[in-house]
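Supplied in structure tokens, the structure appears directly below.
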Amino acid sequence: MIRVGILGATGAVGQTFVRLLDGHPTFEVAALAASERSAGKPYREACNWTQDHPMPEAVRDLTVLACEPGAMDVDLVFSGLDASVAGDVEKAFARAGVPVVSNARNHRMDPDVPLLVPEINPDHLALVHRQDWGAEGGFIVTNPNCSTVGLVVALKPLHDAFGVEAAHVVTMQALSGAGYPGVPSLDALGNVVPHIGGEEDKLATEPRKILGTLSDGAIAPAEVTISAQCNRVPVIDGHTECVSVRLAGAPSAAEVERVLREWQSPLAGRDLPTAPERPLVVVDGTGPQPRRHVHLGGGMTVTVGQIQDCPVLGVKFVVLSHNTVRGAAGGALLNAELLVADGLVRQRAAA
Amino acid sequence: MIRVGILGATGAVGQTFVRLLDGHPTFEVAALAASERSAGKPYREACNWTQDHPMPEAVRDLTVLACEPGAMDVDLVFSGLDASVAGDVEKAFARAGVPVVSNARNHRMDPDVPLLVPEINPDHLALVHRQDWGAEGGFIVTNPNCSTVGLVVALKPLHDAFGVEAAHVVTMQALSGAGYPGVPSLDALGNVVPHIGGEEDKLATEPRKILGTLSDGAIAPAEVTISAQCNRVPVIDGHTECVSVRLAGAPSAAEVERVLREWQSPLAGRDLPTAPERPLVVVDGTGPQPRRHVHLGGGMTVTVGQIQDCPVLGVKFVVLSHNTVRGAAGGALLNAELLVADGLVRQRAAA
Amino acid sequence: MIRVGILGATGAVGQTFVRLLDGHPTFEVAALAASERSAGKPYREACNWTQDHPMPEAVRDLTVLACEPGAMDVDLVFSGLDASVAGDVEKAFARAGVPVVSNARNHRMDPDVPLLVPEINPDHLALVHRQDWGAEGGFIVTNPNCSTVGLVVALKPLHDAFGVEAAHVVTMQALSGAGYPGVPSLDALGNVVPHIGGEEDKLATEPRKILGTLSDGAIAPAEVTISAQCNRVPVIDGHTECVSVRLAGAPSAAEVERVLREWQSPLAGRDLPTAPERPLVVVDGTGPQPRRHVHLGGGMTVTVGQIQDCPVLGVKFVVLSHNTVRGAAGGALLNAELLVADGLVRQRAAA
Amino acid sequence: MIRVGILGATGAVGQTFVRLLDGHPTFEVAALAASERSAGKPYREACNWTQDHPMPEAVRDLTVLACEPGAMDVDLVFSGLDASVAGDVEKAFARAGVPVVSNARNHRMDPDVPLLVPEINPDHLALVHRQDWGAEGGFIVTNPNCSTVGLVVALKPLHDAFGVEAAHVVTMQALSGAGYPGVPSLDALGNVVPHIGGEEDKLATEPRKILGTLSDGAIAPAEVTISAQCNRVPVIDGHTECVSVRLAGAPSAAEVERVLREWQSPLAGRDLPTAPERPLVVVDGTGPQPRRHVHLGGGMTVTVGQIQDCPVLGVKFVVLSHNTVRGAAGGALLNAELLVADGLVRQRAAA
């Protein structure tokens, strides 16, 4: 077993890590760390558990540690830290020789840090060899923003088949994406908030890196122009995105649908525990809908539907992904599983 | 007082007519009509009242009539009929010499029927003189679909100032737009349904007629390419629309905002009771939001916000309008007020 | 005009005061006060306005003052202060000779402070003459907790007609009762929270004072045993309460319904601007429901329905009241109108 | 494997049977039956699947049959039929020698039909031997109404320890309890509906049978007076109930809590697949809440919290149960597992 720690273990993302790691075949939760306010308390007391499944027995009595490399005897850390502190803390762990699999935004756009979606750009993982933190074994790998991941999973097959020139995206994002306490209920119930700070920028930039090409050890961003309008809607889990794309060669909606249906994930056959059987599924009828499709593949499958010709840009469709699983802790977990499968994580000697 | 009848008075739109006409300075509800199932009953019994204000005393004891011209002694009818019957019933009233102000979709695209938004295309009202139903005084006037009206109010100033070449629209539409019983709660609560039958077509075609030019007694549609993706979200009242536009001359977001803020309604000074002081308001901050802005101007004001440059199409923004007021009964009521102000409705002799 | 100030003007209750006072025939908002953080700013900037109607023009540019008597030249203050500060601030105003009409809980149970619902215990107002703050004209009047007021309006006719021996109350309370930001959306959407801190105690004690008898200048509490279970439900405005009562003489549900329907408010004929025509209305069918009945009487009418025999306690029914209008700012406003009508507020000389 | 059929397989309860039976160790879905409208179609077409997990592959291509014993070659049927047809159809299967495990209300109060909750009254199963349908092996077993089951699981330990004399129950019931399409969203969103037809009667009568005593082959109902007020709230799954009880001997809340915490299910050690490890769990803090606790034990665990002294009746608490799992299909499934374990179901010869 690989012994893992969770940074920011009491927060919303940290709790999802705890839940998804419960019963994991490879990873064992050996340490939980959080802010000074929580450190020293048993997890069950430090944590305002807000998951809809009960707290795993195995972690209830773990003492919450400080987010310091010296305090944690682990082979790898998952970071669910808030961006206000993640940057420095993650660097400290990398410098101490600990692999950091982070969900925070701080290092995503660093040139040598992979912004990884295992089914989309597994080759970008090679970037970790360029990271030099001064300690053997230490590096940082990130997963994209929760609204980015559904988009890139849907765009990747189209980019390979045709070339995506431009994408216009309107998101309808779930409340859980704002963490806890997050959005006040008086702003959420029966309402749409057409503004999410910083989100439109992430959607415009992250896909360019993820869909980019690795050559000579650096990533050349994909030449895709992206415009995003981001909205918060009263949904618990599941980001829905209305996407219109301008593709090279102007294929029809039918051709686009065929490409999406026939796409094969490069992870097929690699048997990573969290990888869904099908990372991308085209649904019929009135889908995709959060209440119907967000749990597909354990929350790791991205669903697409409503594929139609768009008289303005060419083709349009709707994408749905689970923002706290595929778009956060589950995505990071899959990243870690790829790291292990690729031999980049080793069991470290006990302290 | 003008004596009005309401066709489809027990339905969701009909009830909104009843509510908005309560205490109206010009119109007096003289007759309520509905399907055979309701005819003969007092309104309070025939109607499953679902408005959030109580049923006006004045209509509680009115006997519901059949939807036949002979049965109703009125100067004008409002039609909140379902599209499955509206087409023929409305024709019958026009043939009997009764002005019909309809919210139904059936006659909207008829060449001689105005698709009217008083602040946008009041001149289109001249089309009624081309209608020949064989009886003096009878004609049909329609208002657009609930998702169209917010869009055209926002596009009109831009079309006049720059010329709108293309518009991409993603709607997040309220549940009340589907009538009653409408959307099952298990499909609505905590969900997004990315499909509304027929809606995307209406959004693509109706604005072209409304923004079109009347010349030689016919309307030349505006040359605007529109692509729409329509979603149902768990909001009671208020359609929110994310709009991106390609404008001639490629003005900046700042120029677009200035034009929207400075636009003057052609109704200004005409003192129609239902006309809001400002039909179009640009809001700051995190608006427009259904829970904050949908009641502006008694539900007749369209609000716009989030005006930004769009790297794909040029400029983008968010529009909000009240779908059952501005987008249905209130819009029709304003149409009728314009008809009266223009001398097109007269008090008919009692039967 | 009576010149009024609002303490805590930027909070949820304060904003409701501002909205309800807009266009009031007797009261003019002359001063807005809030915490030090807001003081000195124009109201439009200091306040995160969350009402569903726009901020009145008249207050947008008022400079927010500190909550100090010397800073405000007014004839009366409304207090929407948080309980953490209300106690001392309200005393300071009373000592300065300013009548305080408070929605805060701090002084509600003080022996000499009326806990006033004008239609229920207007005679309790006489208590103000027993208050001695050392300055002429200064006193404190309070209104009950938002969950108390609906209950006492329904119990009062029964207490007078039969005598209420015991009441069992289960509340389903709206989110707006928790203020802003209040309940996190992840706790509210699609959920019931069966605990509201301190609420059950208020419901058990406040009605005993309100239904109590004034004799020899003191209030003898009503001998009513009350048990409450309080729940938060995903409703914006409107507290629904399931009530079962044991009444002296064990009347039937039919008798109880007759008493409730025939009850006459002692305010009838006094023409207070905020008093609803009927403070208590019995509704038929599937009511009362927040979405159908909460706005009755401008939010000041309490509605009752589902009156049935209860095999355990005798009679049961359901009560609904608007928690931020009747249960907070509207209730306080009505209290102030009664004060003026009774000659207890005078126009003070300008400072 | 026991080969089972599902009656009413396309409805909401039927779909939940399909979902819960997917991968069951003992039961194999051999036949799906529904109304004439659906019969003859593949299940994937006949069924508007509304579960939040995808339709199991194994049933997608099954041809839907008519609800007739001759058409189905199975060892047992689950009935998710609507009450309008369940009565006669279930009798027909029993007469044909097929065990019927029904969720419908029709036969629940029949003297010889067990109204079974395996952890509460497993001995009542003996009633099946008194049923005489004229064919060997045929009988009917029912599970209680979705709002009854949580209540009886909480009352049983108290009834055994003290004796329950009276119970007052206020429910806050989930939308899924009304089936599909069920409650219109305009009645559900942001609303409470304080009326559910017939529900209060079921809550007043069913627990008396379930908590009753079997002697001389007949059930003597428990002498418990129950009063219920039933409300629909905007929750997807999970009925919350506020319960106050009068217990013989007037124990304190602390004694009640101890009894509930220490209660042992009579199923312990019997290893039924659907039986939760703990059918009754007392939760701390602000629970039980639908969004936090409804999935405990796979939806089969009933949770209790907020245990307090009640000045009116003695002790009060809050109960939560999953209405479509424990309160419907899951409860029936557990009933069937007990039938198999007790040797009451046999593999029938193929037709």
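We call the chains A, B, C and D, going by the order they appear; numbering starts again at 1 in every chain.
Keep this in mind: a contact is a pair of C-beta atoms (placed from the backbone, for glycine too) under 8 Å apart; a residue touches a chain by one contact, two chains touch by 3 or more.
Note that this is a predicted model, so its numbers are computed, not measured.
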| item | value |
| --- | --- |
| Pair joined by more contacting C-beta pairs (B-C or A-B) | A-B |
| Computed distance of Cα centres, chain D from chain B, in Å | 48 |
| Chain centre separation (chain B, chain C; CA means) in Å | 39 |
| Separation of mean Cα positions, chain B and chain A [Å, integer] | 43 |
| Interface hub residues of chain C, defined as touching at least two other chains | 50, 186-187, 189-190, 234, 236, 291-292 |
| Overall pattern in which the protein chains touch one another (line/ring/star/complete/other) | complete |
| Complex interface listing, chain D residues touching chain B | 50, 175-176, 180-190, 234, 236 |
| Of chain B, residues touching chain C in the complex | 50, 52-54, 189-190, 236, 291-296 |
| Residue numbers on chain B that touch chain A, as the complex places them | 166-168, 170, 172, 186-187, 189-195, 204, 225-227, 229, 231, 233-236, 238, 240, 242, 244, 246, 285-292, 305-306, 310-313, 316, 318 |
